[in-house]
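In order of appearance the chains are A, B and C, and numbering begins at 1 in each one.
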Amino acid sequence: MIANTKRIRETAKRLLREDIVDAVLGFKQGTVPMICQPVLVTRPEDVDVLYWDSFCGVNLANYLSKRKDRIAVVAKGCDARNIVVHTLENQIKRDQIFIMGVPCKGMVDPRKVRLALKEREPLEVTEDGDKIVVMGEGFETSLSKADLLQDNCAICIHRNPVIYDELMGEPVPEQEGIDRYADERKLEAMSADERSRHFQDLVATCIRCYACRDACPLCYCPTCFVDESRPQWLGKSIDPTDTLTFHLLRAFHCAGRCTDCGACERACPMDIKVRQFTKKLEKDVLELYDYEAGMTEETRPPLDVYQPDDPGDFIE
Amino acid sequence: MDNPYLPYPVRIEEITIETEDRNIKSFRVVFLNPEDEERFSYRPGQFAELSVAGTGECPIGIASSPTESGHLLFTVNKAGLVTSQLHNMQEGDVMGVRGPLGNYYPLDEMEGKNVVLIGGGFAFTTLRSTLVYMLAPENRDRFEEISVVYGARDEGMLLYKSELGAWLLRSDIQLHITVDCSDDPFCQYHIGFVPGITEQKITSAENSVAIICGPPIMIKFTQPVLEKVGFLPEDIIMSLENRMKCGIGMCGRCNVGADYVCKDGPILTLAKLNTLPKEY
Amino acid sequence: MKLLKISKKDFSDVLNRLKDSYRLYGPVRKGNIVDFAPIEDVSDIDLSFQNSRLSPKSLFLPQSERMFEYGLDPAGDEAHILKEASKDYSPKAVIGIRPCDAKALELVDANFDTPEFRDPWWVKARETTTLVGLGCTSPCSTCFCTTVGGGPFDDAGLDVLLTEINDAFLARVLTEKGEKLIKAANTFEPAEEELVQKATAIEQEAAGKIVSKVDTSRLAEIDTLALHGADFWEDVQFACINCGICTYLCPTCWCFDIQDETHGRVGCRMRNWDSCMFPLFTLHASGHNPRGQKIQRVRQRFMHKLKYYVDTYKMGVACVGCGRCVQHCPVNIDIRQVCRLMNEYEGKVPKVS
């Protein structure tokens, strides 16, 4: 982590000094434990604000859409794939961006840390190799990072950025023998009614703050369908049907584009496992089109192109 | 406790298509319960929330004058959800009116002064209210000279045409109507934009107050014209618009700085506006 | 003010008795989240929480609330005429509300209960609800109530304040509504001096635990336009994703939307929470948007809480220091930092263009 931070600062300074980019998009340390804040650095003398640890879960591709300047961006494996989606969808030009790829061993889920601490409040959280060291009032404890990973990180098989301009650390070994779709198989085994009930229950506490949408780099529509008033696709109250419709449509809109960065789930203030929607569609796209989003700059997402040999047997 | 969100039921008595493009209609409405009319006691410059059950509400300036009893008049440009639905309604239909809302033109303070009304496009509505009020026999003597500059894109876009004709014949107001352009070689109006006509016709700020109501671009270019003649920011009065829902200063969206357009406005002097962020 | 005590083992009985005369609401744990909910079984009440995830404002301003009902069938009686939706305003008691959240209700009263207009639903809900507060013996590190006019045992807005002392509660009965509730509970005994002293010690200790502080002393004197034009907003807003978390979790955010919903030939007018973070909040029908940019929306939220409210009501800032937005902002926008930037701002009023 310290090594990554050092490398990020050095690279940022060089890129700004040599006028290779106008700005560097990275993270700075947060004001509370277990969160880092996206920051834009434009002057070489300010690079020391940049920081990297296992709480940089925000996907910085979210800040790239429609930017006009030359910009360097710190990107984990999932973020880099998301940037590829952005370039494919003409949200930003590849030659505008300098990807500072960070090989990633997974981001830590602050909720899991809190759960492990029971009711004790973490006041300072640091990292020591594979350990997360937590200090609070009258206690200090060391937890295994592997047990605290965000759900998406625990099953990630693309930890190293597939596309980058420079790496901010040595590549990390990819996880092997991962069962990525255990949850989705459970969903598929359910009857339609059970599945409907499952999803209704899943979003029962949703407060429609749209943080999942707003944290998602793929949600860059100038006007989201939930905000359309003529016609109004969706009611504004917390009617369960409207709420579920929002989540389902958002997920469908991300099908074949989602890189499972987990930003949506991380942002949710009500701890809703919103990845269950997107993950199922990721699995479908993989099975139907043999496609994983953002792995190459050569192929467009399968749902925005037509091929004569597209599978059609799922349409009845 | 009175419920400030509950509209008074009204019936649409008459619908007038005001403009050639049919995009602006005037709705004359009467209260279903006569006692509601008494409760709805208003002054020129105020607005109301027009309520269409099943669609929603929209804030519209009151175009009728308190001196015209028995009905209310609203002139509505078709723009959003509710105004579009209003345009689909028929004479005899029932809808709701909630208000009166907001503050009003300081007509009492303008007594004994020359009054200049400057309006553009479909924003002439509350100026109509003001003009009708001031021209009422019981009020006309309270004001000195009344000058009006009113402009629209073309002749077909002028509101209240029959009334304009009658006002043009009166000697106790100076009415200057202008259109941006005209194909008619016999066009009876001035041709040109409101700021230019204002510059020609309003040549003194002596003992005068100006009310401006119109699109932002008109206001932007008319304001310096008035200031040049000597109008102080305190004597230039404007009517603001912002998206609104509650109309009573509670729902939080129409604020400009700490002021709510719906409750502390919509009528503000330029002097006051100069102290507020430009969030309108 | 009466000082009474109740032992914890009798507390369930008290609650059960209260259920006869009040609809009870209290903190209930679901998964890892504690939120205020109607209480069927008093054993569901969990008083061990630090802060509920959502503030209890929804008990007074529900996220979605029916305002009016109407029929649209032209053949029907009184078609298109709105009628007030019927609601239950029988007495309600909220058990375990935190002092900061109760103070927040008082701050929001200033918006909904004014000399010109009274919001009937807010006012009725407030009038019919008795608030039994639970002081905070172990506040969070993100709590900063003591520097925004409150404290972990502040009694503002409360009818009864409970202080937890080992196996008992000391109850301060603060209002007539509180008296009535205590009478209905019928188990409280006078508190002995020793218990009161213990409580005072606990309360002082708790206040000392609040280390997070803000300074709001200059906010009122700084010019609105100067603050509005300050250069720091650019940095403050950068990370913001314009979601509604801060506004929806905030106990003092009251903004709402009004929407008509219809089903067949009947419908209702609803009000729903809304957020100044959303572009739609201020969008004109013409397409013009006075706060169309993110920086304008972020600035609006902080200016409203820390400047406009201060100037309008002279009741301090519209923030009670509960720390929810600090804890749950997905990009760590921290109101304490923004407050510092605003309070320390020395810039001049920009020239009127």
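Please note the rule applied: a contact is a pair of C-beta atoms (placed from the backbone, for glycine too) under 8 Å apart; a residue touches a chain by one contact, two chains touch by 3 or more.
Predicted, not measured: the structure shown is a model, and the values here were computed from it.
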Number of hops, chain B to chain C, where each hop joins two touching chains
1
Contact tally winner between A-B and A-C is A-C
So which chain is the furthest away from chain B, centre to centre on CA atoms?
A
Centroid spacing, where centroids are CA-atom means, of chain B and chain C in whole angstrom:
39
Per the C-alpha centroid definition, the whole-Å distance linking chain A and chain B comes out as 51
For the pair chain A and chain C, the C-alpha centroid-to-centroid distance in angstrom is 32
Can you tell me which residues of chain B touch two or more of the remaining chains?
80-81
Which residues belonging to chain C are in contact with no fewer than two other chains?
257, 259
Where does chain A touch two or more other chains at once, residue-wise?
229
Under the definition above, what is the set of chain C residues touching chain B in their complex?
67-68, 70, 72, 78-82, 84, 111-112, 114, 116-120, 123-124, 224-225, 228, 254-260, 262, 267, 269, 271, 274, 276, 281-286, 290-291, 296, 300, 303-304, 307-309, 311-312, 352
For chain B, which residues are in contact with chain A within the complex?
80-81, 84
Mind pulling up the chain B residues that touch chain C in the complex?
1-7, 9, 32, 51-58, 79-81, 83, 93-96, 241-243, 245-246, 248-258, 263, 274-280
For a test of understanding, state which residues of chain A touch chain B in their complex under the given definition.
229-230, 232
Contact footprint of chain A on chain C as seen in their complex:
30-33, 48, 50, 53-54, 63-64, 140-142, 238-239, 241-245, 247-249, 257, 259, 261, 270, 272-273, 275, 278-280, 326-328, 330-334, 336-337
